[in-house]
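The first chain written gets the first letter, and so on, giving A, B and C; residue counts start at 1 in each chain.
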Amino acid sequence: MTSKSIVALEGVAKTYGAFTALHPTDLAIAEGEFVTLLGPSGCGKTTTLRLIGGFEQASAGRISISGQDVTERAPYHRPVNTVFQDYALFPNMSVSDNIGYGLSVKSNNVPKAERAKRVGEAVTLVGLEGMAHRRPGELSGGQRQRVAMARAIVRRPRVLLLDEPLSALDVKLREGMQVELKRLHRELGITFLMVTHDQTEALALSDRIVVMNQGRISQIGSPIELYDNPANPYVADFIGGANLVPAELIGRDGDTAAFRIGNGMVVRSRRATAMREPGRRITLGIRPERFVAATSGATNSLECVIRESLFHGDRLRLELGLDGITMPLFAELPRTAVSSPSGVEPGSHITLLVDPDDVMVFNAKEDQE
Amino acid sequence: MRMRTLKTPMIAAFAAVAITAQTLAATAAELNILTWEGYAADKFISKFQTESGCKVTASYVGSNDDFAAKLAAGGGVYDIITPSLDTVPMMRLAGFVQAIDTAKVQGHDSIYPEFSKNSDFVAEGATWAVPLVWGSVSLIYRPDKFTTKPDSISVLFDPAYKGKISLWDDKSAIYWTARYLGYNNVFDLTDEQLDAVKAKLIEQKPLIRKYWASAGELTELMANQEVYVSNAWTGLTSKDVNNLKKGFEVVEFTPKEKAEGWMDSMMLVKDTPNQDCAYKFMSFMQSADGQCGIAESTGYFPVNPKAVESCMSDELKKERQVNNIEFVKSLVMWQQPKRLDKYLEVWNAVKAAP
Amino acid sequence: MTLTRRTLASFLALFSLPLAWVLLLLVVPYAIMISVGFWTRQFPLFHPDFQFGNYVQIFSDPQYTTVIVRTLKIATFVTLGAVILGYPLAYFLVFTVRSAALRNLLYMSVIVPLWVSYLLRAYTWKIILGTDGALNSLLVSTGIVDAPLDIFLYNQTAMVITLVYIFVPFMVMPLFTVLDNIPRRLIEASEDLGVGPFMTFWKVIFPLSLGGVIAGATMTFCLAFGDFVAPVLVGGPNGTMVANLLQTQFGTALNWPLGSALATVVLALVLVLLQLSMRLDRAGRVDLA
């Protein structure tokens, strides 16, 4: 991987005085990949992107792009371009001047005719025909976003850095632009490195997602890997969401392990094959959409009281109370799973079932991560 | 769009103080004087206040032209003004002042009649001004910078002293130049003569380091070695510069074309409500306390020889030309130019010239 | 009806003072000034009239046009000097000084002199530039010259230096604000696109700071244009500026009509200039959002 990686971070760290924004981190991104740095604000994802872009100086470690050490290089000497969160379009220039800006300086050595051609292509690529002479102030949010994209790709960078590129757009537009991004990535064939706090965006677009938490990488993997096999409760909760319940191993029967949760109820899982020692404290993780409504108390059935129910179109999201456990559980059920509206009114009882294959088991200490 | 003068803020401040003081002392008798600095020194004014019961508030002018400017701007604040000889007629013509009943001015009879009966003072059958103090304007120079002692106004036009010459920023620059050019009708120059004067002054400009606007500025210019020669108030500037002990001396001299003489007098502002105090003040200024007081505080000459009889030493009397009215004849006494506007225009044109 | 009355009452409560201010202290004085400009000077005073003689005199007598042109020239040099000095200073404060505390301290140190008497600050230059002054002492003691030079003081250069020094805060203030408001992201974006600091300055920062340059230049120019202290303190025999002429007409010459006419001409010049600067500003205005 390292030999083919286009971006490589080795032990890169960033501190601001006593505050550590990024702990020593290794990361390798392969040519042509679409990689997303995902995490809540303050997790270090933007710092990582800015370190690669050259807007911040690494406190330690080494950053290389295309095999070249760029740790000490200024942004204008790095073969990457950035789409900024607020687009950072030059308000004093027209759309085409903005896009052609990176080609206009002498050092870039792009002949005038060539420049015009490439700007024209970029304008077409992002669908801004007819807007070339407008100023950024005269464009809508989505159009500005496209200008920012065109401006960054017109220089044909090896890596395109995208800092929350869609966060300033409204929901409808955001979904359209997701498709656009995916298309551009495929057509351009260059590496995309995106920062976002929106897990659906990350899941929809990325080849690989780097989940970050408190200045460290929590897990790296494809969207499916992260969703199906989160390495820790943090990832499980951040990607897709999960009910996290502390529990204790009480024994096992073949490939099925039995755990006792706070109120004495027993939950079984087939995903803890390695765990043997009874009494071990762990955390169970159950995704809300893995619950099914049941009528009788079969294996892994939970008797719950509905505290609140939210209508989500074809699905219902329920906030549930479990006897002896203060923390609420969440479940998402198909609308058809409930016979009548009265069945999900607050205060009514419901029995939920979860397949032991869908009960995730995490070491308790990882809860800290 | 600024119309204030350099002195205006200061004067405005003084005026504000004066008005406040006036309001506070509304019941007490009062007197407001617009005069020169040093002319209302505490030393003798406090004595007047005690004797007369009149509370004195003084405001100050920087030049003779300030009197008209102040009074034209609504001068109801002042009771007495003290302009120089060449400004006295204009005050009367502009209607700023009223005639003075000399019978009410004690000691008026013992003033040099050459002054008190001056044709500009006694006009239209009435007396308009009471002499206060007088002096001369001569030249001063730095002997250490001159190989031969200068004796003529021509030194002010000598290219050898380029950049080391100063001149009073005043219409009197025209008088000096006219006399240098040999005109005797200094205060009534013809258009041709004025043109010649103007040309001469413009020709002189490259030689001038700075036109001085106040005695203090000239003292500074001399003390800081910016200039070596200038016209100056006799007695004042040379003394001030030499007192600074800068390691060089400045010396006064009277040019062969004569020095100029001036005299300041008291005039009564029209419709003043404080006439009693005003007459008391004019009388006081003709007494020993007044004449010696002002002579001491300014260094200028008294106008009333009888008043200073007992309060001046013989030596000082000689220095201050007491009873030497002949000295006046050695001077070119100021008069108001016949065509004042024209003179001012010429002087302003000189200053504006490139 | 009640609503209208109430609106009127609150309108008056809010705006009567500023309106009265504008009316009594601006409109009325300007009206007086303009009308006095048509009066006639008649020794020893002047009387109301309606004639254009004062304006004829101003435009036919070279002494007035000479001084107006000189004043324009000096104000232009002062403005240029203030830009050349103030821009790098504001730039340095905004972009180079990293610590906010230090930046504020330096900014204050630029502004603080405004609290010191204008006269005092102008006077200081007399002490520095004089024949016996600090500059000459330095030059003589270092052996650069043998004898003190008198070329520093009492000329138009000294006036320009003094006025630049005095008015440079008025240039730095708007520039600081404008530069400080330029999003850092734009600079990052430029560098990200392969453009080095120098071209980033010319193509991004400078165009976006033009509004501040125009505001600062307008203020500096108008202040310098109306100055009368520098000519008196550090100007030589060729130092007379328009404000000094005005001072003379209202003082020494007691020719208020001519003075008012001259003041009206100056007012018109300044208004034209303000119009020009507003147009320039509007043309160059960009939405930073």
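Everything that follows uses one rule, which is that contacts are C-beta pairs under 8 Å (C-beta built on N, C-alpha and C of every residue); 3 or more make two chains touch, one makes a residue touch a chain.
None of the values given here were measured: they were computed from a predicted structure.
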Note, CA centroid farthest from chain B's centroid sits on chain A
More C-beta pairs touching across which pair, B-C or A-C? B-C
If you average the Cα atoms of chain A and of chain B to get two centres, how far apart are those centres in Å? 90
Roughly how far is chain B from chain C, going centre to centre by Cα mean, in whole Å? 36
When the C-alpha atoms of chain A and chain C are each averaged to a single point, how far apart are the two points in Å? 56
For chain C, which residues count as touching chain B in their complex? 41, 43-45, 61, 63-64, 66-67, 70, 130-133, 148, 150, 153-154, 226, 228-229, 232, 236-238, 240, 243, 245-248, 250-256, 259, 263, 266-267, 270
Touching residues of chain B toward chain C in the complex: what are they? 1-6, 63, 65-66, 68-69, 72, 90, 93-94, 163, 171, 205, 208-211, 213, 224-226, 340-341, 344-345, 348-349, 351-354
In the complex with chain A, residue positions of chain C that touch it: 183, 185-186, 188-196, 199, 203-204, 207-208, 284, 286-289
In the complex, the residues of chain A that touch chain C are 53-55, 74-77, 80-82, 84, 86, 88-92, 101-102, 104-105, 107-108, 135-137, 151-152, 155
